[in-house]
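Order of writing sets the chain letters: A, B, C and D. Residues in each chain are counted from 1.
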């Protein structure tokens, strides 16, 4: 059985390793588009800040890791697939035949269609190659504009601040990281950044980028401001890498639509990770989560389905995020924005940048978000995913949401007693 | 070195918080906590000051072993001049607050001045901030604790707080930490409230390093824990039954003060004993006692954690009391029970909860209610004062009513909040007040345990069992049995216990360790933690130095040998039951021997020679 | 009530039977060792006229090292005297605790 | 025979000797806030519950780690954080449904229980045997795992 995996990111590596675990005899080929060992985009900010070398971003540290496991890593970019002949065509026109195929091609950073976006010194921050360029250009005292205050934007703020650049963040939405924060929390993150000497413009759009004096750029906003910049970093969004699947007959929406076994609409083809539009645990809807834990879990589920068949359906993945914005740690889980008819418990301490917000449906935790919390944050996932009825603890959490760990433990213990009864 | 060498000075008048180096010379001479903080009080305040005025200072102090893994190394003390006794006050508490203060990097916090409006202090490591506490004022300790915990969004924060009793001027208000541990005696909570300081919230994540000899410390504290574990008292008796096991013991030996100390045995003792706490109740088949709980680092875990019978009249309509809280402990159970003649264990537990909830010293509260009951019996107090309540000995309803009124400082509760001495004076019967230096007695009748009479009368903070617990020897046989009815030799015993206790307190340890540990077990732990040589002899000398320093402070505050006294009842009215029948306290015989053993003058003053020998300040 | 009648056989073969009634109180962990007629920690028992404290302690299976506080009518009896007979008389209260403390 | 921490909350008195011992072993100082084992105090119920990593088979933390900084200790079976490889991204802290891997703001890395390499200091310090280090089969940890398994995305 030859399993071919297109991609070499976390979903691909997770899938490959699980396949080997489930069936040691299977033949596995992992197709890596970038000419470096499989690495993690999550780790790039730490490379940017200088904490680690490029090797520090590698998904597996032993150079022979994949070889030792019997996983073939082949460098090359897939240009199309042919489900009829069950083969993948590469950019160099060579083909690889597969029995089962996993599409784990991830996503690519996009650039908004505005004038000047393709000028020199306007970069994404997505690949290791991008990171090298940014390191080269973000010199102390230089003017840097960061377009987009989403996850990627926020997470590289610290490394940019550490490089002592004059930083301006421009965000279209009315708050930072709008995909994981309500306005209270998003505004607190903005205040924190401003407090750290970063200029943050929210509800602001870049209209155009023009060549300025020398090598500098001039960035014009919809508020009429022109800001000089030596470097513009574009972190406005990503798009699933699905272009090469055109004509394959695979159902594609925002990403490759997958069912509860990570199967696509075409037999023997699966998808996982940032490219996959899978089921969300909380809503039951299908969308691209593009987060590390989901990529890994996708890979694991896909591996099972590909090796053992469609045995266990996935209940979907809990959307969750953790973000470190210049030292301010935020998390969000599940339906952090709440659900219709649900209850909300919220504590705000703007002065000390502490925030916690719990969302309930009846007495079940369905979503949560926090600022400044580092201890036992995982229990938010635990409570959401086990959908445990909280009973009397619901009221206690409504009164004081910081008692989350206690609520979790009380539930775990009750479960424990039930099991032994 | 185990000290953080840093203290926090909080001036409530100016609203400033400043860091200062700890005076290490003094730390060498006075160790920490009780001794060291009193040294600061002596240096910085006028002993004649008004205890409730801005010139009094209040210190929360840890010892060098507070926050370490030494067993019981979690204690802290609150030190100030007492409004109840006008003498030095030092009240010791366990729980977790003291260790947390240390983990935040502070050996002690000195509060001075008085805030113009209610404030609370938050300490997060080096960051100390005063906050407005108008919303907390008027709230109980339990309510305020919840509000502060929510506000600071930190379940791990440790909070010390005063209740409504303190705000209302109850003279025996406690500082309650961790919801049910208290710096209970002498009205230290009253002083805190007089400064308009409602609470201290502390969170320490820095930790405590600085151990002088880490290897030796690990070895010696481990050995110490083994001694506690293997000792039958600290290894089995205290964890299983807690201090309350004494209820039957002291009753049996005929030294259980009953009905305002008129009698020495209580017919209802068994109903309010440790054994009774463990009996299943009729209503739900559960005992009042839930479990035993420990203070920080304590490997004994004597603390009782209990519930009240939900069908009991005191709480049947109050679900907020259907929870667990600390108690009953022996002294509290005695004062609220035998001393008031009440043998209803749920009533006692309820009133004890009120003491936790609103920060009252249960010993002083119970004793004061007992005195009020005697005043009521004689007609000096009538139902006109008590809202129609029959304040009779043995009435559980009256006890609960009186405690509620005192907790909130309402009506006759304000009179009760004055303490036994002032109450009895107000109603024309000072002889009914069972106090020394204005502080109420604990649970041992000096007629049945002679050494305790001397210990009470000479205690620097007024009648107290924790300043020289000769019960250990006279009743419990620790370290060796002496005859409780015999006054010979008690002067030396009292002095030794007093000095040892001062040293143990100042180290940051719990005095209960001394049921198993001798100073030979303790000194090596201090020695390994702290720079310099800390021998048994040095520890005892430090203890003696502290005792004499406190004595000199009290002298300057206006106290004399004449205050080393006992109520006439204990000196003149013989015990009427039990082994002590026919006996009175032989204080007059013991006191001169004690003064001599102390190296004091015949009228109880520290001599210049003793002052010199101990290197006392001033 | 548990009968604690003992028969003493003199060297000449004469049989003597005599006992008295006392109150036995076993506290704390020792409470479980009381006879079933005990109420809370108190039982009325019959003991031999010249019973020693140790003989009573042993017959109720109180380990001697746990008979720490031993009081007759509230007065402590030291270990050395516990083998001595004649300390008890009719109606006395014998109270025993394991090592305990408090305060 | 692999061993596991066995926790019996009924025996716990809440003294925090375990937290002190853990911090001393791992941080070199007494600092319960940095302990990998945490005792929760259910005050109103009069209950103390020590809580730490169960070294679960699923190892969500390890699987979620983007840089391979969490590895299985072959000797003890514990999942250990390699501090020099951890970049401090905290993904493991949200992935672990037990909440037993935590970010240490002072080191910028995550920390979790590693069984002290096979001689857990918490068990050694516990005065009441509420925490013991025993044969893995005897622990009842499987019950805690069963609870956690409800979290698993039906992949095991």
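In this section, a residue touches a chain if its C-beta (ideal position, glycine included) is under 8 Å from a C-beta of that chain, and two chains touch if they have at least 3 such contacts.
From a predicted model like this one, the values you see are computed outputs, not experimental measurements.
Chemist: Could you compare the number of C-beta pairs in contact for A-B with that for B-C and name the larger?
Modeler: B-C
Chemist: Which chain has its C-alpha centroid at the greatest distance from the C-alpha centroid of subunit C?
Modeler: Of all the other chains, the one whose centre lies farthest from subunit C is A.
Chemist: Pick the chain whose C-alpha centre of mass, unweighted, sits closest to the average of all protein C-alpha coordinates shown.
Modeler: If one averages C-alpha positions chain by chain, the most central is D.
Chemist: Could you grab the centroid distance between subunit A and subunit B? Build each centroid from C-alpha atoms only and quote it in angstrom.
Modeler: 57
Chemist: Take the average of all CA coordinates in subunit B, do the same for subunit C, and state the distance between these two points in whole angstrom.
Modeler: That pair's centroid distance is 38 Å.
Chemist: Provide the C-alpha centroid distance between subunit A and subunit D, rounded to the nearest whole angstrom.
Modeler: 27
Chemist: Please tell me the distance, in whole Å, between the geometric centres of subunit C and subunit D computed from their C-alpha atoms.
Modeler: It comes to 52 Å between the two C-alpha centres.
Chemist: Among the residues of subunit C, which ones contact at least 2 other chains?
Modeler: In subunit C, no residue touches at least two other chains, as defined above.
Chemist: Would you please write down the residue numbers of subunit A that are in contact with two or more other chains?
Modeler: 375, 405-406
Chemist: Where in subunit B do residues touch two or more of the other chains?
Modeler: Answer for subunit B, listing residues that touch two or more other chains: 156.
Chemist: Make each chain a node and each touching pair an edge, then name the shape: line, ring, star, complete, other.
Modeler: Per interface graph, the chains form some other shape.
Chemist: Name, in rising order, each residue of subunit B that touches subunit C in their complex.
Modeler: Residue list for subunit B touching subunit C: 231-234, 236-238, 240-246, 248-249, 252-254, 270, 274-276, 279, 302, 329-331, 465-466, 469, 471-472, 475-478, 481, 483-484, 511-512, 515, 578-579.
Chemist: Enumerate the contact residues on subunit B facing subunit A in the complex.
Modeler: These residues of subunit B touch subunit A: 146, 149-156.
Chemist: Which part of subunit C faces subunit B closely enough to touch in the complex?
Modeler: Interface residues on the subunit C side: 25, 27-29, 31, 40-42, 65-66, 68-69, 71, 73-76, 78, 93, 95, 97-103.
Chemist: Can you tell me which positions in subunit D touch subunit A when the two form their complex?
Modeler: My answer: residues 9, 38, 40, 42, 49, 51, 60, 63-64, 66-68, 85, 87-91, 93-105, 108, 140, 143-144, 146-148, 150-151, 153-155.
Chemist: Across the complex, what residues on subunit A touch subunit B?
Modeler: For this pair, the touching residues of subunit A are 347, 349, 352, 354-356, 372-373, 375, 399-400, 402-403, 405-406.
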